[in-house]
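Take a look at these structures.
What follows is subunit A paired twice: with subunit B in the first complex and subunit C in the second.
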Partner chain A sequence: MAELLRTSPLDAWTDALERLPDTVRIAVEPYVAMVDVRLGTVGAAASAALGVDLPTAPGTWVPAGTGRAVWLGPDEWLLSSTTETPEELEARVRAAVLPLGGSATDVSAQRIGLRLTGARVRDVLAKGCSIDLHPRVFGRGSSAQTTLGQAGVVLLALFDAADDVVVLVRSSFAGYLADWLLDAALEFTTTPTHDR
Partner chain B sequence: MTSPFRTSTGGRIDRATTVEFTFDGQTLRGHPGDTLASALLANGRHQIATSIKLGRPRGIAAAWAEDPGGLVQIEEPFPEPMLLATTVELHEGLAAHGLPGQGRLADVPDSARYDAVHHHVDVLVVGAGPAGLAAALTAARAGARVALVDEQSEAGGSLLSGTERLDDAPALQWVAAAVAELAGLPEVLHLQRTTAFGSYDDGFVLALERRTDHLGAAAPKHVSRQRVWRIRARSIVVATGAHERPVVFADNDRPGIMLAGAARTFLHRYGVLPGREAVVFTTNDSAYDAALDLHRAGVHVQAVVDARPEGSPRRAECERAGIRVLSGAVVTGTRGAERITHALVAPFADGEVGAGSAITCDLLLVSGGWNPAVHLFSQARGRLRYDAALGAFLPGEELDGLAVAGSAAGVPDLAGCLTDGQRVARATLAGPPAADDRLPTAPESAVPTPPLVLWRVPDTSGADGSTSFVDLQRDATVADIARAIGAGLRSIEHVKRYTTIGTAHDQGKTSGVLTSGITAELLAIPVQDTGTTTFRPPYTPVAFAALAGRDRGRLFDPERVTALHEWHVAAGAVFEDVGQWKRPRHYPRPGEDMEAAVLRECAAARTGVGILDGSTLGKIDVQGPDAAVLLDRLYTNLMSSLKVGSVRYGVMCGVDGMVIDDGTVLRLAEDRFLVLTTTGGAAKVLDWMEEWVQTEWPDLRVHCTSVTEQWCTFPVVGPRSRDVVGAVFPQVDVSAEAFPFMTWRDTTLDGVPVRLARISFSGELAFEVYVNPWYAVAVWQRLLDAGRPYGITPYGTETMHVLRAEKGYPIIGQDTDGTVTPHDLGMAWAVSKKKPDFVGKRSFARPANQDPLRKHLVGLLPVDRQTVLPEGSQIVEFRTDGRLPPPPVPMLGHVTSSYRSAELARPFALALVKGGRERIGETVHVPVDGTLVPVEVTGPVLVDPEGARRDG
Partner chain C sequence: MQLIACPWCGPREEVEFHYGGQAHVPYPDSPAELSDEEWAHYVFFRDNPKGRFAERWNHSAGCRRWFNAIRDTATYRFERVYRLDDPKPGVTELARSREEGTAP
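Right, the complex of A and B next:
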């Protein structure tokens, strides 16, 4: 029997996203292993066990191996890995935090990442996000849990210029958000073809 | 054809280009840069419509949004009602007609786009007149993030309407330089055609940008027509200028009567003469500019009528120009039909009007002083103070983060407005102002004579104030205010509502303060005590389409879909909305209606095998040493005794003992559970758990994480489900002995983890298949392929409902409504008697919970075996005569779920009925479409009450 094929919630949007101009590029980051980590105290023991210093400043993220560690709350983080399977990541992180009174839950399929790059990214996001995305405020390493349009999202700033942002969205909302982004980016296209 | 009232030169219109438009069916011409109003005036047309109640001719009375009269209906390019001719920019092909106070919405869908943008700044400046530009320059030069918004098509504010000079050059040269300088600064957002229409707490301002309205049919389709700017500012500078205030006199509403400043605007900005023979009636010095400017432009100014006995120092200037000035005189009335023909002028001293005479004119300009536009300040809850010298309400206090500058703060002259703008902006800066922050030099202004505060001229016409209009749009007069006061009203808010003054499109921009003044006069109390009515957003009307923005059509509300959505679409599913989810309701085959499809799907699940996409079920991962303790406290039944590898059904109640959710719980490990909730209850139950853990039991070592979208769930249901699941997962022993009901097993499929659970929401043998959604389509397809020999049938939510209802399984929120206990549902078995406490337990002991007449969940079988009772139908006692008694008819309960059953070969229903369990076997009546349908009350479980089928 053939191997099980994976599908992404945004497979049907591939063509539409590819037609976007260079000023608003949207690339889907599917199939990234992610765990939700809950841990009361962060210290040397946690860093040693996890191999990353979990960020403690609200609204930040740091690189963690091949993935990222995103601050979600005073005792909650989202840890991702592009090289481990969801089961491997959950098992490793769970083993690391259980002795410290923490927990870890595989949430790899809960969210999908969209990477937005280009000079107009900030303008597009500003149409549906009420937080200040000015580079002085939302520079590299910043994160935010907010809404974009009517979808709950996590935003990660990848560079200081605010023209490179990852949007993590619940998988069931991904189609809505992709439609919303295409609609919001429409005025920056020179030959608008997207019409609903 | 040249427009007869167009000047030969001047104005900020593009004379080289002509645009054609129609008004009231007549084709007319104007120029880019015109408003509809200025183009009409250029063609000699003052009257726009007749008034709403009295049918009196009404015309253009102002030059911008304060105009109370000139409402039009746009027909082309897109039907839009209730716009002001003074604020509609002219474009080729514009078609409009005048409106007597009421318009008509388009009966075709609006294809234009609307959107919103969030913007954050250090300083928001509202108004690009002299004070606003000075403020924006000061803030921007110091490096602040600045937004400058202005409602006109170009910057300049009052400077666009006059001949002022700055730095010894026309003031508009300075405006152009300021705009260019701002455009060169990266942190400045400068928006014209943008009205700040609401100011709210914490520096939040809403503004409407009209982006393409002025382009007419040439507007690009992929750019939003209007945009709502949601601006958050550390500091707000309100530099919104002032509105000229009329004076009320008899017959003050005829076309050809307008504010003096408006005439100046039409002349200087649009190159239009609003008449040939003018009378200027004023209480202050500002109208002298209008008189002199119109005179220089060739208008014959018959007289300046100044109510002040001492007149104005500018009298000599007028007289040198040959303009007669009548000091200590007023206009007491007018004559004319569709246009003013005469102004009636009389001496005025100590409030007494003398004998008058008529002066011919086709234009009467009026100025009763200036009302600072304090709307945004007042909306932000700033207190206003009455200035008796100006007869105006001014900002009466300092607000945090919002300052008023220029004529909006009562500053009378250009030089003062510039320095005020700069001063206010400097106060917002964290650091020192920029070194190059200089202001242009304005000429010294003459010392003005104090204005006379005159709200109305005594009515000598005999009409007793009934033709002295305060609010022209509402046809409301001095007599109406007197009537309100006569009726005992004292509060200005009550007077407003009694007279409807200030409730039209203009929200009382010209009539509001007049009403305060006249009311105070009639009550003989100080105007300060009368105050103003409350200023509320929006400052000018905003279309609902603009407020909706992008949130319409498919984006109105997010559509949540499962990983299988594309498959469902391809399979021809008919979807239903379950919260925000799109769920397949049924999968009709060609020629099938819903009833036929659901009967077929039900039969497959009861006799063969069916498969459902149940992925929307809420799922919560509960981890930690105290996970079992938490669940014991939140469920009515015991969860801590559940063995790893097993599943238990549970009911959750609120503190009032009413059912809030139900579902199954899988124990994954000693310290880990997977909690399943209803689709609609997913977020609510997680919040509920977090609330208790965070606020009441922070000592519990437990964490809850939503995994709703981490697992797709496919119930494979029916007598042949074991064959299908066994074929796809051959390493799992699916026999009833090895894999009993209410247990789960983990396995893999080509290395992909899969969880199987023996859970049944249909009473049939069933396996729920859990898999990461990445693999959902592939696993679903494997199940379908394996089920093909057994005729596996995908089924939707409608069939799911029928199957569960036949078994008497309630849907929380459909069969319950927040007043139903587990006992009412016949689930006393799910309420632990051993546990010392759990949420809701205390309430079960209340006397009301023991009432034998509480409503119970029961089954209903229509005796005719035909009628599908409408859900929500009321249930009444059986009537031997088959007729409803006269109201009030005592109700026994209502139908909560109702379906046609393939298994029973008849319709059935679930219902909440008073004392229902005691009524089993009785017949009651259900009124349906005017007739009483007899139904038999039964237990809720109608199919397989022994539970013989669940093991296949």
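Right, the complex of A and C next:
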């Protein structure tokens, strides 16, 4: 029986991403467990069961243990964990929200994270994203589900300066988005990042 | 590009949204008693006004929630967006918000 090795959808882009300048650094985040939570009402019971206060303001995220809790909708959140396996996380969250009438579904393989750091990150994202990413509006703790280029993404602001952003993108769109980001960052590179 | 104000996410580009047809079309109280003609009217017949029209929209590239909007079909101006459980704004209310400049 053939051995199935886990590979990242962006393995082929590793070299190209490494050649980017410090003003636009793009790092592929390691595979983490993610769970999609649906829950009608959020209150003290949910916070106690989950160990995190789910954010109720649209377009926000909060740290949750080793991972994050991202607002996806008025009754939907994305929980991630860097220490648990997808099965462990799903079982734990499901046990917490099921008595409250909620549900939890493992979506770990659905999205991959790209961490963008550097002074030019906002300029690169602005080439294909219409929402306001100025730190005044999109500071630490902000999130946005929108389109970047032609791909649907979730943007997470890690710091107030808007020079440190995580882009969560569907794995099947990761290659397209990596190409798009390399193209968008081209004007900030002093040496060509593409082989000619 | 036209911006549409999602009640949850705020103003976003029009391409992030999907159109859902006329809003406030109630499901029949007793569907079993409807004639074929009445069913046809419920399923297929919609208003087609020139002017304000209450419509359903879905923020499909964002929070994926349905909401309602009052849009002027002649100017494409969105006069009001409101959540599904909110009542349909009346004509006087819309006129007032237009005068006060609070319409989106």
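Everything below uses one rule, namely that the second predicted complex is superposed on the first by the 188 of 196 C-alpha atoms of A that agree within 3 Å, B and C clash if a C-alpha of one lies under 4 Å from a C-alpha of the other, contacts with A are read in each partner's own complex, and residues count from 1 in each chain.
Keep this in mind: a contact is a pair of C-beta atoms (placed from the backbone, for glycine too) under 8 Å apart; a residue touches a chain by one contact, two chains touch by 3 or more.
Computed from a predicted structure; not experimentally measured.
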Looking at the overlay, what does A:D179 touch: subunit B (first), subunit C (second), both, or neither? first
So in the superposed three-chain picture, is A:L72 touching just subunit B, just subunit C, both, or none of them (first/second/both/neither)? second
Please work out whether A:P63 is in contact with subunit B alone, subunit C alone, both, or neither, and reply first, second, both or neither. neither
Using the superposition on chain A described above, determine whether A:G51 touches subunit B (first), subunit C (second), both, or neither. neither
Which of subunit B and subunit C A:E187 touches, first, second, both or neither: first
Using the superposition on chain A described above, determine whether A:T146 touches subunit B (first), subunit C (second), both, or neither. second
I'd like to know which partner A:G43 touches here: subunit B for first, subunit C for second, both or neither. neither
Which partner, subunit B or subunit C, is in contact with more residues of subunit A? B
Looking at the overlay, does A:S130 come into contact with subunit B only (first), subunit C only (second), both, or neither? both
Which positions of subunit A sit in both the subunit B and the subunit C interface? 130-131
For a test of understanding, state which residues of subunit C touch subunit A in their complex under the given definition. 1, 8-10, 12-13, 15-16, 61-65
Of subunit B, residues touching subunit A in the complex: 113, 115-120, 145, 221-224, 230, 232, 550-551, 553-555, 557-563, 565-566, 581, 621, 623-624, 701, 703, 705-711, 749-753, 772-779, 782
Note: in the complex, subunit A contacts subunit C through residues 58-59, 72-74, 76, 130-131, 144-147, 152
Under the definition above, what is the set of subunit A residues touching subunit B in their complex? 1, 3-9, 11-12, 30-31, 36, 38, 86-87, 101-103, 105-111, 123, 126-132, 134, 137, 149-151, 170-173, 175-177, 179-180, 183-184, 186-187, 189, 192, 196
